[in-house]
Structures are given as C-alpha cells and as structure tokens.
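Shared between the two complexes below is chain A, which pairs with chain B and chain C, respectively.
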Partner chain A sequence: MAVDEALIKEYKGRLPEPLLKIFKTYADEVGLSKANQKKAIQQVEHKFLASKIHPGEAIGIVTAESFGEPGTQMTLRTFHFAGVAEANITLGLPRLIEIFDARKDISTPIMEIFLKKQPKDERELEKIIASIKEIKFAEVIESITINIAKMQIEVVLNKKRMKDLEITSEALRRGLGVTLKTVDIVDKDDLLVMKPKVKELTLPSLYSIKEKIKEAPVKGIEGIKQVLPVKRNDEVLLISAGTNLKKVLEIDVVDGTRTLSNDIFEIAKVLGIEAARNAIIREVSRVLHDQGLEIDDRHIMFVSDLMTTTGAVKGVTRSGITGEKESVLARASFETPIVHLINASMVGEVDRLNSVVENVLINQPIPLGTGLPGLVTKMKGDEKDEQ
Partner chain B sequence: MEQGGMRMVDVYIDEKFIGTVDSAKDFVKSVKAERRAGKLPYAVNISYDPDFNEVVINTITGRARRPLIVVENGEPRLKEEHLKKLRANELTWDGLVKEGVIEYLDAGEEEEAFIALNDKYLTKEHTHLEISPIAILGMVTSLVPYANFGQSSRLNRGSKTQKQSLGMYASNFLLRVDTDVSILHYPQMPIVKSFVHDVTNYEKHPSGHNVTIAVMALDGYNMEDAIILNKGSVERGLARSSYYRPYVVEELRYQGGLVDEIAVPDKEVKGYKSEEDYRYLEDDGIVYPGAKLLEHEVVIGKTSPPRFLGELEEFSIAANMRRESSLTVKQGEHGTVDLVVITENEEGNKLIQVRLRDQRNPEIGDKFASRHGQKGVIGRIIPQSDMPFSSSGIAPDLIFSPHSLPSRMTISHLIEVIGGKVGALSGRYIDGSTFAAESEADLRTTLLDMGFRENGTEKMYNGITGEEFTAQIFIGSMYYMKLKHMVANKLHARASGRIQLLTRQPIEGRSKGGGLRLGEMEKDCFVAHGASLLLKERFDSDRTVVHICESCGMLAVFDEMKGKAYCTKCGANIEVASVELSYAFKLLLEELKAIGIYPQLHLKSKY
Partner chain C sequence: MAEKFDIQEHKLIPKHTKLSDDEAQKLLEQYNVSLRQLPKILKSDPALKNFDIKPGDVIKIERESPTIGKVNFFRVVINA
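Moving on to the complex of A and B:
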C-alpha cells in the first residue's frame, strides 16, 4: 500500500519534516490503508502537539530547579574523584559552577587529542607526545649559575636529556631567542654564557633574568604541561593537562575533527560560538553523568543557548546574562540592588513588569501559567467602569 | 639535630622565651627522665618542634592531656607486680604516676610519641602503650557498646545523640530552676553496657530504657527512620518524662522612686486582662503550687509604672495609670506549678521564680535514638492488641525499620540487640566495652543454649489477623533513649496574627505566634507549576490599597473624612487611582524617595 501523498502534503508545515519522513517509512512498512493512514497521522499530530511546551510554561524555573535539586545532592559527592587514572580533575559541583559562571581561568584545563593514524610503536607515540608537550629550559640543563665577577649567567646543558627530547642546540637557541630578545647568547664549549644587553646591570635584575630564562619554553606547545597516552575502545588518544586548541589542531597527525578541549572560551575563540554552545552541553552532561544524575538534555541545551545567544560566552552571573535582564526590579532583587536602582534612575528606565520577579515583588499575578491568559467580557451598558 | 648539636635551640616555657640549649634532643630527654623520676612535677610537658626548631615546655592549666603507660626498649614499665599491688590496694593511680609508670601527654608531646594500641603490637620503637584500646575514644563515645563493630561516623553521631537524651541531669533537680530541662521517669541501666558505665556511676543517672525491639517493616509507619511504639508500653510508662520551664519576674526599680509591684492587678490598670486569667493567683499575686495553668494564663501578676512620666493617656488624667505587665504561660504551653521561689536578686530587688511542670508522654513525632547513631521519630503508636507478637506471646515495645541498617552499616546496633536478648533472658548485664566485649559468637551460643535461634530471629504473628509472618523477625532487647526534641515544643500553626510594623508582613518565630515563611524556593515551586493566582494569594499577607496620583505617579493622600484624594505635589485637582499592591513595595517606593530616586507609577487599566 502506497503512502497517501495528498495526506502528507496536507500535513506539511503542521508536522516537522523528519517526523513526516518517519511516518512515511513506517506507514509503508506496516501497509496501512488510506483511512487508517489518516487516523494514524491525526494521532501523530495529537501526540506532537501534546508534547510541545504549552504557552505560559515556566521553562526557566523548571530548568533552574532541574539543576538545583540534584545540585544539593552533588555537594556531598564532590570529594570523590573519577579515579586514579585521570587524577584530580575538577568535577562535580565546582566544575558545574565553573561552567555556568563562564570562568575564564578554569581550574583544570584538559584536552583530549585524537590521532589520525594509530602510532605503530611506542617510539612513534613518544615522538608525538614530545612534539606536543611544552618543555621549559630548566628541564634540559644540568646547572645554572650567576657569575658575579663577569655579570653573566652560565648554563651547563644536559646533552643526554636534549638528545632524548630531540632538541638540537640550534632549536634551543631559537626557542630561547623568542623570550629573551635582550640577551646575548654565546656558546663556550659545554658552557652556554648569557649576557644581558642592558647597560647598567644590577645583581637583582640579573637574578630575575635567570629565573625568567629557566621558564623559557624551548620546545612543544605553549600551555601543555603534561601529556598522557590513554587507551579507549582500542584506540590510543592523548590526554593533556593544559590546553592550546589552536596550536594542537595545527599538528598534522592530530585528528582535528574529534579533538576536544574543556576550555569553553578557547573553543569559542578557535571554533566559534556554535562550537562553544556544544562544548557547554557536552561538559555539563559529562559532569552530571559522572555524578550519576540525569537531567533532560533540553534543560542543558536551554542554558547553553542562553549563555551563547549574544554571540559571546556569558555566564549566569551578575556580570553575565543575569545582569542583562530587562526589568530594573528583577536585576535589583538579584545582586547589588542600589547600583541597579541608581543607574536606572539616572537614565529614567521604565520597568514594564513583564516578567516574574517584579510581579511577585508588587504582589500582582505573574504572567505565567494561569496568570497569562486574560478574560474579557462585555457588560451590559457598562462602559465607564475602567477598573 | 643534623649539625651535631652545634646549633642553638630556643626554649620556651609557657610561650615565654627563657634561653637556649645546645642539643634539643638531649635536653628534652633529660627533662622527661627527671619528670619520670619524680624530680619535676608530672604536669610538665616538653616537646621539640623541628619545624620551628624550638623546645616548648608547657605547664599551664587547661591543656588536654591523656595518661599512657611508659615503654622503654619495647618493655612497658607497668609490670605484673604493679597490678598485684593495685589489686591488694597497696598502690594507687597516683602512685603509678609518681613512679613514672604512667605519664600524661599533651598535644605537643604526643606528636613525638609512638603509641602501641595493644601490648601485642609492642616493638622496640614504641615509646608508650595505651592503657586500654578504648582510651582512644572519648568518655561519651566509650558508652557506645560494641563500637568497634560500627562505622566511625555513626559512632560520632551515637555519642552526639547520647548528649541529647533525657535522663536525670542533676540529682538536686527538684531544687533547681533550670531552663528547658526534662527528667525521664523510671530510667534504667542498659543491659548491654561498657565498663565506662560502671566507672562513671551511670546507674545513678541513666538516660534510657531497655526496650524489646523487633526489626521489621510494619504498614509503612516506620519508613524513613521512623519507629513504631507499643501503646501498652507507653501506658506502662515507657519514655515518659517531665518537662520543666521556669517563669521569672523581678520587681524592677525605675527612676523617680517608681517600682514594679507584684500583686494581683487592679481592675483600673491599663491592659487588665480578665478576672478569669488571674484566678490562680493568691493574695501576693503569685500562683500556688499545684495550680494547673493553661496557655496565656497569668503565672505572676505584676503592674508597672507608666512608660513616660507625665504622659497623658487617652483623655484620662487618673493618677493611677499603671500598666499591667504580668507574666503569662507561653504560647502553646501548659503545666502544673511545681515550685515557687520568692527571693531577692543581687540588686536587692524582689525576685519570683515559678517552675512549671508538664508531663510528656511519648507521642507521634517525638525523637528517639539508640546508642549507635540510629535516630528516628515515632511514626505511630499501635495498641498492644494489634502489635505483632512472637510465639511465646512477646509483643515488642518498639519496631525498627530494617532499611535503616544497610547504608549505615551499624553492625554494633544489631549485636546490641542480641546482647540485650541474652542479658534479659539470663538476668545479667552484658559487657559490651569496645575492643573488650563478650564476643558475638559467645552470645549466639548462649542464646542457642537457652532454646532460641542463635541468630536472634523468631517466628512472629500479625497482631491483627493472627497470621504467621513469612519472614523470621529479628527480635531482642536494646537500650533506647528519648531525646530532648519533642513535638510539644515545636508544633506550630497560625491563620492570621501579629504583623511587623515596618513591612506589615507576618512576624517570625513560633514563640511570638509568627507566620510560616513561604521562601524564595517555595515561591519558585508555585512559578514552576504556573499557579500564578495561588502565588499571589499566598503573598497577600501585606496587601494594601494605595492611591496614586496619575499626573505625577507618586502616592496620593486619601482624606477619609472628606472622602477625597489629593496629591501633596499636584494639589487636589487631579485624577487619583487606587491600586492594590504589597505594602513591602510601597515601602520600597518610599525608601527610593529617601535616597533621592523619583519612582513614578504609570498606570494602565488591566482590562
């Protein structure tokens, strides 16, 4: 029995395309008669309409409560970490707060780096890791001393370690040159002598330069403090402490389509706001999943939509989306009331009392649920009574 | 001292610098040796702090110290001969301390001590030996029987609840006037006890009852930690207590020679209640012992001089405008006058203390606890005839829910039930001292020998139908305590009542007859349900109608006499609308004006 195309056409626009498509395939499979097809699609439409959110439904509060209630249980479980393997990653409530507040400096930035091709052996894997992990100058030296007589810094290099990490002295020089533009570097046998180009050199400034030299990156990607290989579903991937999405994606062997960072601002900067929206959803659901909590995806999507809808990532804070509420009274009742009231009075702001908080404040029915619809009746000969 | 005693180490006595020594370790050692030899007072404690490189000597009072047996070269100083002498009363505890067999360590000295829990574990490195393993617990905690079978956090809670239990808090309680105290009627010594019970004379002031307990679910009335009590047991006096509350009045002296007067107030006095309220007062204005007082009835009659001198009170220039200021029985309370004390306070003012007694029988909502951190409230009191019973006809006093056990892992609770059963059946106390108790295996065999199932379960029958339960019910005896949290002190409800002057919202607090707050999160619930009008109604407690001047948007004045409204800014010739809103918002508008903000209300008809 073929599908009644006229019927499908009739419901086009009333039902979403994917739903119609599913209906078509199922109707075809089961072989419904034309009359039954009509009955079935009526049922589908009924169900579809019933599952839509009703006008006046308080989705914001429901979302907030859906996070808030399980959140009270989470506080007790924050002490449990995800296990020894992925030691000490901020999880649980602190991480959730971090995401929703849209903090710029997250406490444990982490990347999951996927590879295009699986490495053949451990050597190749180590080579990839070495190319990603940031190596500081302090790691490749035997000793660093200040020669007070000559006012210079003398470094003994650890040649073996440099060989292990595949750092040539040229590469080292190049790496140092970027951070230390004002320092002359001279090679003297095994000694690396550095003399700052400053005219009047004092001992304290020399000391601070010495400390700076130790921190100078010589190889790898900036910000990647540690890289660990992890086997997941027969695939080796790399977990890094510290993130640098842009630089990592530039590496040839890295599969850029699957590589993840948990720094939402970085994602927004490198991949755009839509990616940031997805990152929020992913990070929040992961935290909740780890805690064994189930919150409907649509709540998470709703929050991340609100956080990214302006095109920039904004937290649910006084300086973020909460501070952008339309109503003066609603803002004033959240945090720092005097500031909001004074600022509003200076520009003569008008509060139209369109939302919940301000109507609770003045004790009027809130424009939600039963308070939303109005009822109008025409009374006989009653025109003047306005109230 | 890594540098071979070349470094000088500062020495402090009671946080005062007194000098330096060359070798801290040798110095500390010699001081300790002299203390043990009795040359220094035993209250001196000395320790070397390697982090700060200083020697700290403490002699001040108020330090927490605990006694330990001194160990030298893996050999405890306490020998068999000492024990023999102790048994023969030839040696005392003080003697042991003097001999240096036992010494007290404070927190600092404990840091460098290595203490063996048991002589089994003693090695050469040890410096001290625990007198008894139970000494690692505090005094209240060591009252928990079989504590080494429980979870540590439950042990904490168990000792915490023991402190809240009703008992006899002081043996002179009949003469005392204390606030918020209770005395348990017919308290019992626990059958399963620890030796600390004996040491502390617990039988002189016990704080609970040995109850027959069955571990089972019954009709859902003991879910979520609730317990079911046997009404028969309650009527026999189980967990009955008396609650005492003092009412205190002082005859104050004011400026200008005016004084309060404790007497039955005159009918002319301002604020005179009604004759009925004063009916229990004797001629001196104080109730008589034995009077049964109800809520709001006068305990002590008192009148005070007028608040402000020369004050003109409501068209009356009568000389005697004293105020009524009698003390009445608190909201929701009642009781019998137990004690009347007429005395004087430090300033020489007359002081009256009246103590009210109220008998409290266990009722639904009263809190009970065992000694293992298992606390719960009464969910139901079932008549004895309806209680489940065992084949020997025993109906339990208390039914405890099995769901309270797995997640809390209080094994000690279960062992106490078996111990109590053995003790009750054989008529003896069971030693449940932590680490040194009668073993569970022994208890089980004794139980078996007495003809019971060794695991403590028995066949039981439904009290209503008489049908046999499919499951064997775990039944035994254990010590239960009534805690000081009783519903009679907490029950509260109100319709309308007193309001705050500033916001016109209901006042807070049960004692003042306040309202029950519908808070922020509760409000969110109404919003989430879309119950908009219900929410408004709940917040109508401070509803007011205000008049708004439509030309300037500020509050107008309504003259009730003339029946006309006018605006203080725009005059009388204006349109005024009356608007209903919360008084708190009206207050906000006025506070905004006070900080220099001009809040304008633009009105629009809603319909």
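Moving on to the complex of A and C:
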C-alpha cells in the first residue's frame, strides 16, 4: 500500500521533515491502509506535541547536567590518542573546556585540508604538501656564520634541498626581503652575504638578526608547521599542524568548500558567525563521540547558539556569556562577586530580578516551571464589573 | 592563485538572505519580539560580504538541523 501523499502534504509544516520521512518509510514497510495511516500520523503528531519543551522548563540546567555527568567520566580517559597520524591532538575534557571557554590560543591547532582532485601519485601529493607547508630559511641552508671582521652574516645554501623543494634563488630572496627589510643581500659565488643597513652595528644585534634570518619564512603558508596525508573513506586529505584558514582556502588545488580548521575564532573570522556555530557543534560532537559518550544534539546546539548570539564567539566564562547577563546579582554569583557589585553600584545599575540566580539569592520564587506564571486573583468586585 | 574562492560555498556556512522591511516586520509580530531581542550578526561578518546591508536589517539563515531538518533562524545586523 502506497503512502497517502495528500496526508503527508497536510502534515507538512506541522511535523518536522525528518519525522515525516521516517513515517513514510515505516508506513510503506508495514503496509498501512489509508485509514490506518491517518490514525498513525495523528498519534505521531500527538507524541510530537507532547515531547516539545514546555514553557518554563530549565533547559540550561538540563544542558549543564547533561554535559557535566559524562564529563566526570572523561577526566579519567583524557590521554587516549585517536590514531597514528593524528596522535597528540588535544582531546577529551581539556579540549571540551577549550571549546566552551572559547580560548583564543588553542593547544593543538589542526586543519583538515581537502583536495579538489585526488593526486595521481606520490610525487604529486608531495608537491602539494610542499606548497602548503611553511619552510623556514634554516631548512635550506648548509651553514650560517657571523663574520666578525667584516660584521656580516655569511650563509652557505643547500642547493640540493632547494631544488627538491622547488625554491628558486629569486623566490628565496623575495621571501627573505619581506622579513628583512633593512638587510642588504649579496650573492658571492656559493655564499650569500648579508649586511644589515644599520649605522652602528654591534655584535649582539648582529646575532639577533642571524636568529631572525633563520626563522624567516621562504615558502609555503605561514603558520603551517607540518602537513601529513591521511586516507579517509577512500580519499586522501591533508592534516596540518598549525592553521591559516584564510590563506589555505585561496590555494587552487584545495577544495575550499570542505577545508576546515579546528580554531573556532579563526572560523568566525574567515567564514562568519554561523559557520563558527556549526564548527562548535561539530567539534563538541566529535570530542564526545571519540570518547564514546552520547549527549543529545539539542544540548550541543543550545550551548553553541548561546555562545554565538552576540555575533561574536563568546565563551562560557565570566568575560563571555556570563559577563553579558543583564542581572548584576547573577553575574556576581558566578565569579569575582566584589568586582561586579562595585562596578554596578558605581554606575547605579538596576537589577530587575527577572531571572533565576538573583531570585535564589534574595529568597524569592524563581521564574521556572510552576514559578513562571503569575497568579491573578479575581476579586468579588471585579466579577460585578464584568457583568 | 587564480580566481578567489567564494567562501559562501563553504559547507559550514548556511544560506543567508536579507529580509525585506515588510518581512522583517511580520517576523517580529509573529514572535512578538523587538529587534533588540533577536540574535545578532556583525555587519562585517564574512558571510555577508556581498550583501547590501545596514544595521537593523534582519538576515534569514536557513540552517540544516540534525534533529528537525531545515530550520529558519534570524539575526539582526549590528555594527561591529
């Protein structure tokens, strides 16, 4: 018996799409008659409406506890690695705290770089990797010395390595020129002589310039320290240590629609606030999934919605979403109470006692559950007026 | 680096559209909220790069929710 399309159409908008889809497949499988289909979908709608969150439900607390309980189990199993190629990535509770606090400097920035076309062979893959990975000047030289007599730095280049990495001497010069604007670079046979254009040159300053030269990027993308190819679902992708989403997305061979960073702030900056919200959901679910924990998607979505309502990513900290609460007492009850109270009293803030914590503090019913609706008593006199 | 990649095509970015003033007014009435109460989006948000917007405009975001499928979300544009 086919599914009654008219019935499905009637319930479109009243029931969510995925639910209708499930209903369709089941009705088809079981072979319900049209009359029974109608009865069944009425039951589905009834259940759906009954399972909706009621006004006054404390979803914040429910979410906090849903994260809190499995979180206690996580601490014990923090140091498990996810695989050889991806070893040593911050996982588990430390990573979860990192995401929720919205830390700006995360401990292991990682990028997943997808490619538009699969590379034909290893050579091609290596070439792509070489174009992404940041190469410092120190990697393409044999030796670097300070000539004290002439007060200059002399570098012997590793020509073979340069050829392997496809770095021409012009490209090298260009790369060096960006970091070292005040240094004259002269080619002398195999020697690269660098003489800083400073009037009074001292040995310590020359030494610090030498260290700076070694760190100068000459090729690749700034911040990408290491690139490893990984095979996932019959597809080769690159995992990089260090992130630079903006620059990597601009590379031709990179599939810009899928390439990701695990740095939430970077995503917010490059892709926008909605992408950051999706990234938070994605990262949190992945951490939980890796640990074998199940937390309902709704809780994760709720937290990430809260973290992104202001248009910028805010952590669950005193400077983040808690610091943005309207009530002084609510802010004071979280962390550093004195600071909040002093600041509020100086500007004459008013607490309207609209939320939970402040009402707990002053021993009043909280606006949750049965505390939410107010009671209006009908006096005898009122009745008369109505008649 | 040939043509610049359009970040709107990134899979993390849901579809953003600007609501007309009428639609925005209707939305506020439907949910009985003021503009101030809507979630915000910065005017400088990268996802709104090709939009002609001013603070106070309402942006419709068509999210793909893991629980209930397609869902519309609204944000109001604010100055950074």
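Going forward, the second predicted complex is superposed on the first by the 332 of 387 C-alpha atoms of A that agree within 3 Å, B and C clash if a C-alpha of one lies under 4 Å from a C-alpha of the other, contacts with A are read in each partner's own complex, and residues count from 1 in each chain.
Please note the rule applied: contacts are C-beta pairs under 8 Å (C-beta built on N, C-alpha and C of every residue); 3 or more make two chains touch, one makes a residue touch a chain.
These numbers were taken from a predicted model, which means no experiment stands behind them.
Trainee: What is the contact status of A:64 with respect to chain B (first) and chain C (second): first, second, both, or neither?
Mentor: first
Trainee: What is the contact status of A:278 with respect to chain B (first) and chain C (second): first, second, both, or neither?
Mentor: Only chain C; A:278 stays clear of chain B.
Trainee: Scan A:251 for contacts with chain B and chain C and give back first, second, both or neither.
Mentor: second
Trainee: Could you look at A:341 and tell me whether it touches chain B, chain C, both or neither (first, second, both, neither)?
Mentor: The first partner, chain B, only.
Trainee: Have a look at where A:270 lands relative to chain B and chain C in the superposition and call it first, second, both or neither.
Mentor: It touches chain C, and chain B stays clear.
Trainee: Looking at the overlay, what does A:56 touch: chain B (first), chain C (second), both, or neither?
Mentor: First partner only.
Trainee: Between chain B and chain C, whom does A:369 touch in the aligned arrangement: first, second, both, or neither?
Mentor: first
Trainee: Pick one for A:217: touches chain B only (first), chain C only (second), both, or neither.
Mentor: neither
Trainee: Any idea which chain A residues touch chain B in the complex?
Mentor: On the chain A side, the touching residues are 56-58, 61-62, 64-65, 68, 338, 341-342, 345, 350, 356, 360-372, 374, 376, 386-387.
Trainee: Flag every residue of chain C that touches chain A in the complex, lowest number first.
Mentor: Result: residues 1-2, 4-5, 7, 9-14, 16, 39-42, 45-48, 61, 63, 65-70, 75, 78 of chain C touch chain A.
Trainee: Note which residues of chain A are touching chain C in the complex, please.
Mentor: 16-19, 249-252, 256-258, 260, 267, 269-275, 278-279, 282, 297-298, 301, 305, 308-312
Trainee: Show me the residue ranges of chain B that touch chain A in the complex, using the header's touch definition.
Mentor: Interface residues on the chain B side: 521, 523-525, 527-536, 539-540, 542-543, 577-578, 580-582, 584-585, 588, 592, 595, 597-599, 602, 605-607.
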